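Two complexes are shown next, each including chain A; its partner changes from chain B in the first to chain C in the second.
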Partner chain A sequence: MLRVQSIEVRYDEVPALHDVSIDVREGEIVAVIGSNGAGKTTLLRAISGMRPPARGEIFLDDTPLHTLKTHQISALGVAHVPEGRGIFARQSVLRNLYLGAFLRSDREREETLERVFDLFPRLAERRNQSAGTLSGGEQQMLAIARGLMARPRILMLDEPSLGLMPKLVDLIFELVQRINQEDGITILLVEQNVRESLEIAHRAYVLETGRVVLSGSGEDLLHNEQVQRAYLGM
Partner chain B sequence: MSPELVLFLQTLVSGILIGFVFSLLSVGLTLIFGVMDIVNFAHGEHLMLAMYATFWMWTLWGIDPLFSLPVVALLLFILGVITYRLLIRYVLDAPMLAQIFVTFGLMVFLRNLAQVLWSEDYRRIGDTLLSGRIELFGIFIGRPQLFASLGAVITTGLLYFFLKRTRTGWALEATAEDKEVAGLMGINTERMFALAWGLGLASVGVAGALLATFNPIFPEVGTVFVLVTFVAVALGGFGSVPGAFIAGIIIGIVQVLGGFLWEPRFKTVLIYAIYLGVVFIRPQGLLGRR
Partner chain C sequence: MQRIRWQLLVLVLVVLLLLAFPFYVAQPFLQRTMILVVMWSVLGLAWNILGGYAGQVSFGHAIFFGLGAYTSTYLFTEWGISPWLGMFVGAGVAVLVSIVIGWPSFRLVGHYFAIATIAAGEIFAVIFRNWKAVGGAVGIYLPIIRGDRLIDYQFQEFKAGYYYIILAMLALIVLVTYRLERTRMGYYLKAIREDSEAARSLGINITRYKLYAMMISAAFTAIVGTFYAQFVLYISPNTVFALAISIQMALVAILGGTGTLLGPIIGAAVLIPMAEYTRVYLAGRAGGLHLVVYGLLIMLISVYQPAGLMGIYREWQHKRAARGMVNDSLPVATAEGGADDAVA
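And then the complex of A and B:
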């Protein structure tokens, strides 16, 4: 469904991604793992048009994304939950969710809202609270929930477990899996939390200094010696 | 009532009335700044253009300011969008100095253009539907002033309603808070920038049409109003619409009371003293965020 074909992305003329290609099929959870600065965030930013690639192509089905602007890519069904959550701290929780459904009709919005509150009951309790006053875990849930409000075809998550305590990390991964299984939403997950990501991912890519160095099923990579040594401390 | 008290109340009322107009002017400026972090230094010149537009419609075609007001507002809205499309768009990611020079240059250009086109003469709009004054409890209120403050309050209220209650208003506020994430929500942020300029200048358009009914009109008229506007925006907190509204009223009152209680020629000194106080004590302004 999503095809990234040998893209190169540069920051101030310094390449951050070289010749990166990945594939995401309908209904999958695909994880991109790697350490800090490997280019994981850059990859998502390239897909959502925040940092268009200098070379290479990106397709959603047969529609080229690399020539479109961020809001147009969003309208095609690509939801990007950015690094650091990017919630609107000055607005209420509900307003944040409504903004997620900006391109949806009022009816669709209310329908999706019901499902989102079902997945994230904490947000329902805090709907009128200003988003900036939420805890870190709640803010992460809000960011994911806001992504869902767009009713995306593919949900891209940038390190959703970052900075959360272990119990919440488990909860987030569980929710990601539920969203994939119950709502049939394709997921592209970028993570440093390698073990848990590989456990829920159908397939995964390992990114190192801007290049894809390894790919395979989540299961295979979990038992790959190289991955175990570099990322799982075994 | 003693004559002193009447005079005091008279002054206070006129301060509040002009304060509402300052509020509208400040809201226009703070809206543009809030959404895109660019200060429109040509704000006063846009006001001047609105006043001239009102003046010429009255002089050439005999259209009363009461009726030309919406036309002027629309003209200024269009001018705002054009200014964004032709000028501001190109300095969005430029260094702040470049952004300052662009609107500062626009200010110089518009002022000189007005001098060439319409000369340095002071113009006035004569009797309009709004001329005259009313008396309330021994206090005289000019009808143009009264209408100006009413119009300013209504316009500010409409803008606030638009920002808080409509989908597009939410998108505008989201863009103001985080442009990149707003784009991820499917909001066309460039259109929001253009809209901010349109609305910012439309506010100035309304203020200009209202002020033209009781103020002389000349190429430098913008400076008379724009300096207090900048102080009001800083006092209210850069980017805060309610802050700008409250600050505008405060400044209107301080200006006339300063002149009344102290000395007329010191009235602007007081305003700048407030500005200094804000900078030293609460740099983020009354309702601003750090």
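And then the complex of A and C:
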């Protein structure tokens, strides 16, 4: 469904991604793992059009994305939940969710809202609270929920477990899996939390200093010696 | 419910007081000051749509003010076209120019956008200073028409005619702003102001919505430009394309509180009489003194209350609401939040 073909992305002439290719098939959870500065966030920003690639191509089915603007890409069904969540702290939870449904009709919006509240009951309880008063975990849930409000075909999550306590990390990964299985939404997950990501991912890529160094099924990578040594401390 | 009825009563009372103003205040200086207060309220609210709600601080709004004044005046003095018609032509010209300026400069963020608007404003001032066909640096005098007919857009005896025209404009822009706060566009603008990157990732075409805000803002500013020309009956590049106009528009909104409906009105009600009184009492001796006071005000606001006078009012209201909750558990704050979310 989503094909990234040998893209190169530069920040002020310094390349952050070299010749990176990844493939995401319909219905999959694909994880991109790697340490800080490996280029994971840059990859998502390239796909969503915030940092268009200097070289290479990106396709959603047969539509080229690398020539489109961010808002056009998002209209095609690519939702990007940025690192640091990007929620509107001074607006209410409900308002944040509504902003996510920018491209949807009122009826669709209310339907999706029902589903989102079903997945995240905490957000339903706090719908009139301003988003800035939520806890870190709740804010992350809100960011994911807001991504869902657009009814995307593919949901891209940038480090959803960052800065959360272990119990909440488990919950977030469980919710990601449910969204994939119950709603049939394809997921591209960027994470430093290697073990949990590989456990839920169908397939995964390992990114190191802007290059894909390994790829395979989540299961295989979990047992890969190189991965175990570098990321799982075994 | 009772709260709403009470608010409605205050609103009706304020409207009646405003409508009756020329009848209980006859002194020309006070009437003139009042007209200026209302005029600057409209200008502050126009600036607020772009600078407050969309968060794009402009110091070039004199462009639209000047274009409104010049378009209607030129059409009237050269071709005899009624200023009422010229007013709309002027608004159209200002909207077109706002697109030409906004399209490239919305790529700039924060300070750089503000700087670009200052530069654009100066360019227009220079062009009009050297444009002989529209009077160059001398400007244009408008012919005096007696008879005080509404159709002429001039009032020589019944000055209150000007007051009612500008009051109607205030009513219109208050209505537009009120609607804006409650429509999707208003929420998109707020989202853009808070985090434009996140807004973009949600599929909001941020350049387009900033442009919409700028077009509305420019149209209202131009309409007031026409009003100013008809009121003063003399326009020149140094008066209508002046940087001081742009700055005062921003100041009125910032002092009162940006991104609020009442802020710019309160700002104008405080700032304009102050400027007029210092101008009158210190006439000749210290002409620029009101600018010194402006400077001090800017410093005080930015240090103590960046949310403006409305911020002070809100804090007071919150404190009162908090006390109310303890005493008789009136859910004031909740009612407010609920109303905010009911309309999407």
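Simple rule for what comes next: the second predicted complex is superposed on the first by the 234 of 234 C-alpha atoms of A that agree within 3 Å, B and C clash if a C-alpha of one lies under 4 Å from a C-alpha of the other, contacts with A are read in each partner's own complex, and residues count from 1 in each chain.
The definition used in the following text is that a contact is a pair of C-beta atoms (placed from the backbone, for glycine too) under 8 Å apart; a residue touches a chain by one contact, two chains touch by 3 or more.
As the structure is a prediction and not an experimental result, all values here were calculated from the model.
In the three-chain model built by superposing on chain A, chain B clashes with chain C. In the superposition on chain A, A:H80 contacts both chain B and chain C.
In the superposed model, A:S21 lies in contact with neither chain B nor chain C. Touch criterion not met for A:S215: it reaches neither chain B nor chain C. Of the two partner chains placed by the overlay, neither chain B nor chain C lies in contact with A:Q177. Look at A:L94: by the touch rule set out above, it reaches chain C but stays clear of chain B. Common to the chain B and chain C contact sets on chain A are residues 48, 50, 69-71, 74-75, 79-80, 82, 86-91, 95, 98-100, 102-103, 146, 150.
Of all the residues in chain A, the ones that touch chain C in their complex are 48, 50, 69-71, 74-75, 79-80, 82, 86-92, 94-95, 98-100, 102-103, 106, 127-128, 146, 150.
Those residues of chain A that touch chain B in the shared complex are 48-50, 69-71, 74-75, 79-80, 82, 86-91, 95, 98-100, 102-103, 146, 150.
Within the complex formed with chain A, the chain B residues making contact are 167, 170-171, 173-174, 177-178, 180-189, 289. In the complex of the two chains, the chain C residues touching chain A come out as 187-188, 190-191, 194-195, 197-206, 334, 337-338, 340-341, 344.
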